[in-house]
Amino acid sequence: MAILVDESTRVLVQGITGRQGSMHTLEMLKYGTKIVAGVTPGKQGEKVHGVPVYNDVFSALEEHPEINTSIVFVPAAYAPDAVYEAIDAGIKLIVVITEHIPAHETLKLVRYGKSKGVTIVGPNTPGVISPGKCKVGIMPADYFAAGRIGIVSRSGTLMYEVASRLRSEGFGVSTAVGIGGDMVTGLSFEDVYSMFVRDSETDAVVLVGEIGSSKEERFAKYFSELKVKKPVAAFIAGRSAPPGRRMGHAGAIVMGDVGTYASKVKSLEAAGIPVAKSLLDIGRVLSSVLKTNLARTAL
Amino acid sequence: MAILVDESTRVLVQGITGRQGSMHTLEMLKYGTKIVAGVTPGKQGEKVHGVPVYNDVFSALEEHPEINTSIVFVPAAYAPDAVYEAIDAGIKLIVVITEHIPAHETLKLVRYGKSKGVTIVGPNTPGVISPGKCKVGIMPADYFAAGRIGIVSRSGTLMYEVASRLRSEGFGVSTAVGIGGDMVTGLSFEDVYSMFVRDSETDAVVLVGEIGSSKEERFAKYFSELKVKKPVAAFIAGRSAPPGRRMGHAGAIVMGDVGTYASKVKSLEAAGIPVAKSLLDIGRVLSSVLKTNLARTAL
Amino acid sequence: MILYEFEVKSILEKLGVPVEPSCVVSSPDDSLLHSCLRTIGPPYMVKAQVRGWGRGKRGLVIPAETEDGAVQAVKELFSSSYEGQRVRYVMISRKVQVRREYYLALMLDADSQRILLLASREGGVDVEKLARQPGGVLVQTIDPLLGLRDYMVRRVAEHLGLNASEVGNILRAMYTAFWSYNMILLELNPLALTDRGLVAIDRKAIVDDDALPLNSNLSEFAARLQEELSEVQRISLKEGFTVVEVGEGGIAVVGNGAGLTMATMDYVEQAGGKPGLFLDLGGGASSERVEKALLLIMSLGKYDKVLMNILGGITRCDEVARGILRALERVGDVRLKMAVRLSGFMEEEARSLLESRGVRAFRTLEEAAKEVIS
Amino acid sequence: MILYEFEVKSILEKLGVPVEPSCVVSSPDDSLLHSCLRTIGPPYMVKAQVRGWGRGKRGLVIPAETEDGAVQAVKELFSSSYEGQRVRYVMISRKVQVRREYYLALMLDADSQRILLLASREGGVDVEKLARQPGGVLVQTIDPLLGLRDYMVRRVAEHLGLNASEVGNILRAMYTAFWSYNMILLELNPLALTDRGLVAIDRKAIVDDDALPLNSNLSEFAARLQEELSEVQRISLKEGFTVVEVGEGGIAVVGNGAGLTMATMDYVEQAGGKPGLFLDLGGGASSERVEKALLLIMSLGKYDKVLMNILGGITRCDEVARGILRALERVGDVRLKMAVRLSGFMEEEARSLLESRGVRAFRTLEEAAKEVIS
């Protein structure tokens, strides 16, 4: 099964003729991802690594109705429009690699996507990989061995680091999802975790967080109230970072004192999620949750 | 069971201090509907037929968290705002009695409601009644005997007429739903029918349509493609009406030749739905579908 | 309400859509006519302003090469009519050299409950034919919560083979107009490609009647319509009646609610009667409104029978009865044969009121109809 | 980017929010100062313009009853500093007679992924305290697809006990500003009730840095910020680096990606090292950007060790290696102790490039960290 992407994924690349789009189309093709079409306005008729290019998403879908996923490499100024087009054309999973999309744009976009039942991964995400099955993203595939651990991460390269440490300790990954590093993202930790809970190929989840915002605290609260769970091990980056600035009074009113390393670790541990205190510790912590929790959470 | 409204319905009346709002609050109370609060800005603290009035929906919900349904009597200029407030406050069923809300406003409103999982009945609807259980609307309750026939109608008074004919021929109603007479409405025939199909207390459905638009043709198409069905009998008003005007070329492009009495009857009959040619015929047609279809559609 | 072409033109022009020079006169003797013709310069297109479609086919658009020809055409058009209505305004436009004609429209589609943007490479009267070919007309859905996005502009420009920034300006103006004026339909047909770029040389719009009292942008147009209304239409608009002449019969069918009134009329026809007038009182009719409706019917002088079918609910039967009695009192010696069917809220009160004055009130439609058909 | 109060004031004023008369000077000798003081008239509030909060508590707001007092206050403020930064602008406002203070804010809430409208009956510094009481602060969610609706205005006005039309004008202007200037936060604190109605006498805003290159409404403010940047900040902004001084340690930690760089820094600290600088290269760093980052670190003269942790992906390891070598070449005689951990895309090429020039490249973070900590 895996989550979000697998053997049945058929991919459209938006912004396929750009430097990043073209390079990662090749990388994804090498990995075995089924890329069936690309879009760049004005470039209809061209091919990129053998993939046909269309002027717009509707035209691509007319020729390739099997497309069910899009990956977006379009620059920030045009990316929202590209995503709206994909949503309106009926694509239900859209992975937005683009960084530096203004938060207001993303806010509207994500809300619109949700209103149409569309899953948006990102923006500012490395994407999604289900090792051995499909990669819709820019992550180096080598770090990700196939296996039964789900990874969900706010950060890109840190996700690779964690995956590579898991691999070196003998753990493989069912699916790894970068939710994206921006203020506003299409998926939350909760969203991805709930997919892992329903996935028969995932035994446990590694959550990779970082300081700032209250995404981890929210997940901890959600997790503590869940009835059906799978074990979770967490790692939070930013333990040594100096305290950041708050957003005036409004920040204090809305967020209170959350967002710090201490607050995140406290929330997660209180919810029963052990937090690896060092990158070197992740494998050990994961092993421990797998042992202690499997019995009571087996589905 | 019934659909949309039943014994568990707890109602908020928006615009409760107005003439219509107040009069129908009384009528609904007499019927046994559980009206727990009303809203009129600036009238907090008053009572209407014993029902407490609040300034806004949020305040009403704070005091009466059991509210799950709202009925709106607010004049057209302010009605959209009232409905947005009810949606944002988390009420999941909103019956909009108000007529003459501009179509553009309704279009946005209905789309917004759908994006939040809210069911909007109307606008320009007589409302919903599940005889013997609950009435959230302005229909004269006497016309509706309790029973196992679902009614869905575009028209208000014609729905009463049909219900009263059914009653006089011994049929009772599980729930009667006025979807509303406007161009844009929250519910379609398909939406209501699919609820009736899932309702264990409904054996068959009477569809009351009229000329104009293609709502009946769309229902016929939907019905013909359904796997699980309950019997339907239809009546269409406007057989004797002179042909109306079309909306320029755009109308012809989008709608073709649909919307006429002949087109509606043809579509419905082709889908296997008999159409009563006269008001006097509805009971007979309903009896016939109940007999012929029950065996194969029993759930 | 269908807007006049010149009204739509003024809206679009304000929003930056390229249009041809033109002016409008309201009579053949309009003092502005000659200065107008001189300012615009030949050749001309002289166009009757009508609230509807199919003007070209009816000879209501006349090209003219000279000032004299245009004056002639203006005269001719003012003596013409359109669907029984005299022509009240004539527009004189500079005739534009057209290289190609396109079709662009926005409409509120009741069925998909979305806004549709329609675009065709073939403008003018062929659009409907073209629509039957696959790909002939591009239909782009616009979500009302999202609005017009750049990708939609690109698709339309692509389909038409036109410059995206020029098409974008026009589409954005159209979309703004569509919302600012509560347009249910806005058509540019044709949108002409000329040597100087795109020009919208004909344009039509329907605005939502329900927006008239609420949207002040529409007051100018509503006031113009108001002036043109017949007495019947004026009263109907004011009272919220829907009145339609449906044939040559002598029976006026009155009901509360469009569906019920239609069904009543259908029944009359099936039972062998000849309906001539359809009058929907609308919801919650007061005695005053019922009285006005009946006086209206009598004033038309064409109907000798009235069948009134009222289901009480938001409407009170006793109010209806009072209205009937007041109307009958007002006109005194009545030739009108009247059958009333009343049911529902305050039915008994109504029945006794009517019968105390000798008006028969029936319990069923069948009985009442029999009375007027026989 | 945090805007200056006077920048926010100009935005709000244009949108019709009532504000007090004021002017801004950029030095105590500003030729405008005296005419400004005369135009405004006493009494005055003299306020340092800073990019941050807590100005009042730090004595950076000085009331003055007379022109001389104001001149004195201006001088004093220009010789003050705020978080290590000198004060560059001082605003002189007419002091307003305040009957009551309120708090109004709009913020983009990352967690609920909605826009929040916050309103409190108590303005000024008590807002945070008030927020802890139930009902102390009204929090109204605004759906970005819907926008500000009248019912929200009514709720806020009700909560504050103020006139809905006055509050509505202010809220609508705030909401427009919020979107037109990509504000992540907009605070009116306090919004003052005076004898002449509501006046926004202090205001703060943060705009989204990602919008700076895209939203031309922000260019004026971005240009002002640009002038104030240190060399390090200027280069960081240009190259897309995130640079933070994190302590007194001598180790500069460089990584590609914020999460990875933070985790690297965490590891260094846990292993007993003392990080002094955090530098995130961002995604897809080219050799030029890597070179610039290293030159930047060296130019600061505070760091004798660099730990670079690179996971290839969108970034190519060989590009990173080339950047390192170019930086080392440029500075010639290097005192810097450098440990590089490389992994991923083009790792082997990178390793051989580096090692051919005697730079050690490690396979694991542990090894690389050991090198700089020891």
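Points to keep in mind about this one:
Order as written gives the chain letters A, B, C and D; numbering starts at 1 within each chain.
Please note the rule applied: a contact is a pair of C-beta atoms (placed from the backbone, for glycine too) under 8 Å apart; a residue touches a chain by one contact, two chains touch by 3 or more.
Since the model is a prediction, treat every value here as computed from it, not as a measurement.
Here B-C and A-C are compared, and the pair linked by more C-beta contacts is B-C. When each chain is reduced to the average of its Cα atoms, D sits farthest from chain B. The distance from the centre of chain A to the centre of chain D, with each centre set as the mean of the Cα atoms, comes to 27 Å.
Centroids of chain A and chain C (each the mean of its C-alpha atoms) stand 53 Å apart. A straight line joining the Cα centres of chain A and chain B is 42 Å long.
Residue positions of chain B with contacts to 2 or more other chains are 111-112, 115.
Chain contacts: chain D has residues 143, 145-146 touching two or more partner chains. Listed in rising order, the residues of chain B touching chain D in the complex are 41, 55-58, 78, 81-82, 84-85, 88, 112, 115. If you check the complex, the residues on chain B that touch chain C are 20, 24, 76-77, 99-104, 107-108, 110-112, 115, 126, 138-140, 142-143, 153-161, 164, 181, 183-184, 208, 210-211, 213-215, 218, 235, 237-242, 245, 247-255, 277-280.
Note for the complex: chain C touches chain B at residues 52-53, 103, 105, 107-111, 113-116, 118, 127-128, 131, 137, 139, 143-145, 179, 182, 184-185, 187, 189, 204, 206, 208, 210-211, 213-215, 244, 246-247, 255-260, 262-263, 265-270, 275, 278, 283-284, 311-314, 343-345, 365-366. Looking at the complex, you find that chain C touches chain A at residues 141, 143, 145-146, 149-151, 154-155, 158.
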